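Before anything else, here is the set of structures, which you'll find just below.
One chain, chain A, appears in both complexes that follow, with chain B as partner in the first and chain C in the second.
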Partner chain A sequence: MAKKKNTITLMKGEREFHYAALVIMTLMMLFCIVPLILMVTVSFSSEQSLVYGYRFIPDEWSLDAYAFMWAKRATIFRAYGLTILVTVIGTAISLVMTSMFAYPLSRKDFKPRNVIAFILFFTMLFNGGMTASYMVWTRLFHIKDKIWAYLLPGSLMNGMNVMLVRNYFNANIPYSIIEAARLDGAKDWTIYSKIMVPLSKPIMTTIGLFSALGYWNNWTAGIYYVNNPKLYTIQVYLKKLMDSIQFLKTTDLQSEATLLASRNLPTESARMAIAIIALIPVLIVYPFIQKELIKGMVVGGVKG
Partner chain B sequence: MSDIKKTRSSEFDDVLKEQRKLQRKEKFKNDFPLYMMMLPGILYLIANNYLPMFGILLAFKRINYAVGILKSPWVGLDNFEYLFKTKDAFIMIRNTLAYNAVWIVMDLAIAVFIALCMNEIAQRKIAKIIQPIICFPSMVSAVILSFLVYAFLSHSYGYLNTRFFADNPVQWYTTARYWPLLLTIVHIWQGAGQSSVIYMASIGGIDKGLYESARIDGATKFEQIRYITLPLLKPMITMMLLLSIGRIFNSDFGLFYQVTLNNGMLYETTQTIDTFVYRALMQSNNVGQSSAASVFQAVIGFILVLLSNMLVRKINPENSLF
Partner chain C sequence: MTDIRLEDVSMIYPFHKVGGLFYRKEQQKILEAQKAMPYTSNEGVIALQHFSARIDQGEFVAVLGPSGSGKTTLLRIIAGLERPPLGTVRYDGCDLQQIDIDDRDIAMVFQNYSLYPNQTVYQNIAFPLEVKHMPREEIAREVEKIAGLTGLTDKLRKMPEELSGGEKQRVAVARAMVKDPKLLLLDEPFANLDPLMKKKMRELLRKLHENYETTIIYVTHDQYDAISLAERIIILKDGITQMDASTEEVYNRPLNRFCGEFLGLPVMNIIEDVRVDKGSFELFGEKHALNAAQKKKCRDRDLIDVGIRGTNIQIGDQGVKAEVEYVEIIEADRIIHLGLEGRKLTAVEKINDAGRLTYLKGDAVMIKADPDRIHLFDKEGNRI
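Right, the complex of A and B next:
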């Protein structure tokens, strides 16, 4: 009854307002999904039907693209495996490094913490630029064509994440717990690993997810630092694939299909299929982590 | 008498000093694990952040790999002079600033609009489904994004050409004047959902009682938005604006480089400082101009970040970086 009364008291125009909002957001949602759907259906189209253009509903369904991918599995799975490896190692190191850096900064009795916080903070304001960074990593540390190229430049630890973790430590773990542990004879390593880390799972999850996403999607490291095809991650592999197709097109006047066949390059549909398998891990994980990610966007957005 | 006093006090001083020294030693010993924990991070900051800052000096040298970077001759501001004499410099700075200027305002309007709409949806369950979906595009890498765009724009098979322009196919990837619009659409696709999240969070935090009393007074929805929601969002809007102005010399490298498929014929509308830095360094092997452009960007960016943060601090100290 109360509910009914509520709807009656809806003011004039309010219901229309609700529906207008719903329609607009549904359109927005479609706008976001549609390109992804096109990519999926193209990957399931037969090569012959694609000659007439990409369609949302293919004229002829086919698994050829995935068969091609299977035939090329040596290259593709290698790139895929490397991407997983880089993501796992990178995220793990990044989490440990970030939290170990944040813990002393959160300790009010640790004297040099202000100086170190400033050293960290200054990196958020100023950087030497991409060229200088490139020179340091290639000329001084020689990471070109090594797996380090994906792990080290730029992505291992940043001021933002350290600040987030430190703030979490400060806000959520009372100093009295640390003091009590100390009285019981716990050393700093124990406090860090047995108290701080287990008690800060939410923030660790959030920055871990962003870091993993960053590593999975990282392709710029590949174009700056990697030339060896054996060290391509899936993103770099896709990027180089697109490059070679664009290059062939400008130098060769054959039709695209014969061109691709003659060079043994993936066909139109196969290319989309590879892009999809590169996106699939993100797609699978996203529904489970979207809440954390969106929470992270709010926190990161304000201070980002 | 005074002599004795002096020796005494100096003795006392010595003891005190000794004690302090011991205390400091003890303190350091106690804090040693903390230093050890920070060591990896410190080393990383040195390698990743501080050494490149010294790398800025490269912009004032003519790099000659044959003699080594350290022995390369100093050339003062030559690199900058060469850079700013070229037409490239004008184009990339114009593009970077123009895209940012338009997008900062547009992004803000769209983000607030989406947040308002999401808040108006009465069916909360549907809203809970829509939100993650419109945020998803921000998870897609620039490379995969370029494949998505290619599916629409490819000359011979692309959806647009075969569906709508079959008689007269458009050369999307070689015609510069289409790209301001195309990039804007792609930019909205990728970023709109994500940037609205923060405003949704702020709207969610507004006291519902305000709306209730406004309704009792007979305020329409538009009036509620105009006189309650927007004024309450204003601090957040101002802050986000200032923060994005601090980044106005930066651009999304993936969008301008990869989504355009690195096509030289599009430079007029797609070259930004970031793409120039990459191209000069990796493609035309012009280290001098690349580092000049990258230092220019870093220094101006630094000044702007400082300025915008000072303003943010005046408005809302909680949200400023310092």
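Right, the complex of A and C next:
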């Protein structure tokens, strides 16, 4: 007896829709994955094979870029360590500050909340510009050549994140829970720490990841405020290294010896190798938080 | 000693504001719906009007009224969650707003339970004690005691999402009672429960009231809950107090037609436009004389409305002939729906072995009103 096929009956037009969706999603996936594959293959290519452009399958395989990285391992590990430190501390402070800012804005009984929300929103649209910010951070807060240069400017608290968390609080945590806690005798700090934050895991994961990525990829702060090589993060180190290699390769002032050395330096492949090294922690962490992240992105955007 | 005094309290909720670029149509609809509400002023919707009451230590008071009558607003004002623009709320003689929320010693059970979803049943119940920084051993003792009373001992390690509606409600009651509050506020706590669970919860509440002697204010639109639990009932309609009296009095001597019709199942029969003639009126073929006080309130030829509860209509050999339309059996009662000269009436009869076995549609029965249980209302609905 013929076995009945286990099939799902599609309605008229649904099959076409499924195919169209499949094609679009495949294209979008390729847009994301192709640069990543290219980055990996380029990092394993010899410098000479890259003269005529990038290829998915290198003409000549080489580990020169990674050998170069290994030679610089002391500096790279220090930069790596500093980046992790900045990311962990920055993300932790950012999460605390963002959620603490969002909590009163979500409270109906906090009368100035609309004024404060407006001020917050205003900063999302307008700011003092680079020069004014630079003057404030260096002259008033004296962050130049300090680790604070990575932590404070820009990334510490983001208006958009505050709005996301506030919306999450409003839309997902019934206000009567706060009222119940108040009547149970809980003060605001207890309500915030024991109820609001534990109930906001999805949105906290989302903004935590945004914030961590922001800190991890932040190279501009280092370029603007840091001159001490010991305080270079991995991104700043990558930028400085590329600038130096480029300088050696293009300058007219180089001696025969440096010219010879610079010709053998891996540039494109090294750039990709450092980018891969910088990407590894994100690739490791992402699968563990993916579920909460998607939940947070969906619900945080809902207007409360 | 805990007593609550509300003096001339009014609450106005501002109209919904229409603004912004988005959702304007929806916002306009909300505003129009609010403006169409029965009691509105220039500032907004009046949820409560000139409400005054005194609730003494250990009393069990039910606030009864239809949806939108201001019951929950009243409860929230007493809890201190809303600040009325007019009037004062005094708690043991002090203005409630002047007392720190920690010192109020008020607990509230919300209609939607409002359990903390991230905490176990034990943690939920222990929360009010933890914020008081009570020693752990004492917290454990108190939680176990209240869990025993509420039948939650085997559920203490569960998360709220693993519980049924009735269990969640019991956790909410346990959390409210564990700190032994001076005042317990209940906002339609049994609204989502099935009849059997409601019965169990009523028993539990009665037991807790007896054990803890807590002052309880119970807001509901379920008159059965109110009658069966409360010693005193406050009836609200459109934010205005209709009656504030003992349960017996509200049932037996309703101050107006609304109270008479609102309390009691089945709803009180109202025979409209009965003419007063020479100090008496006619009901079911019998003449009933007005007493002296009633005579002062209405003159000859006046039209009045006569109210009589189904339980006070006697079916027997005397009176006027009515026709049976259909019969409902509710617990031990038989509710007989009758037609009389184009009017619909309901009579209630206890089902017992000695009585008639059944009534069929179209059966003719003789009905008569208990003369001591007739309620008279003027055309404004006030008791005569």
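We take it that the second predicted complex is superposed on the first by the 189 of 304 C-alpha atoms of A that agree within 3 Å, B and C clash if a C-alpha of one lies under 4 Å from a C-alpha of the other, contacts with A are read in each partner's own complex, and residues count from 1 in each chain.
The rule we apply is simple: contacts are C-beta pairs under 8 Å (C-beta built on N, C-alpha and C of every residue); 3 or more make two chains touch, one makes a residue touch a chain.
Because the structure is predicted, anything quoted here is derived from the model rather than measured.
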Applying the touch criterion given at the start, work out whether A:182 contacts chain B, chain C, both or neither, answering first, second, both or neither. second
Max touched-residue count on chain A (chain B vs chain C) belongs to chain B
- Query: Where does A:157 make contact in the superposed view: on chain B (first), on chain C (second), on both, or on neither?
  - Reply: first
Practice task
Could you tell me if A:198 is touching chain B, chain C, both of them or neither one (first, second, both, neither)?
Solution key: second
Q. A:174 contacts which: chain B (first), chain C (second), both, neither?
A. second
- Task: Quick one: classify A:135 as touching chain B (first), chain C (second), both or neither.
- Result: first
**Asked** Which partner does A:104 contact after superposing on A: first (chain B), second (chain C), both, neither?
**Response** first
- Message: For A:124, using the defined touch cut-off, is the partner it touches chain B, chain C, both, or neither? Pick first, second, both or neither.
- Response: first
Query = So, A:86: does it touch chain B (first), chain C (second), both, or neither?
reply = neither
Open item on the list: Quick check on the superposed pair: does A:33 touch chain B, chain C, both, or neither? Answer first, second, both or neither.
Closed with: first
Chain A contact set shared between chain B and chain C covers 187
Note: in the complex, chain C contacts chain A through residues 79, 81, 101-102, 106-108, 110, 112, 114-118, 127-128, 131-132, 175, 179
Chain A contacts chain B in the complex at 11-14, 17-18, 20-22, 24-26, 28-29, 31-33, 35-36, 38-39, 42, 50-55, 96-98, 100-101, 103-104, 107, 110-111, 116, 119-121, 123-136, 139-141, 152-154, 156-157, 162, 187-189, 192, 213, 216-220, 223-224, 235-236, 238-239, 242-243, 246, 256, 268, 271-272, 275, 278-279, 282, 286-287, 290, 293-294, 297-298, 301-304
Touching chain A in the complex, chain B uses residues 27, 31, 33-35, 37-38, 40-42, 44-45, 47-56, 58-59, 69, 114, 116-123, 126-127, 130-144, 146-152, 154, 156-159, 161-163, 166, 189, 192-195, 197-198, 201, 215, 218, 220-221, 239-240, 243, 253-254, 258, 261-263, 274, 277-278, 281-282, 287, 290-291, 293-295, 297-298, 302, 305-306, 319, 321-322
In the complex, the residues of chain A that touch chain C are 174, 176-177, 179-187, 190, 194-195, 198-199
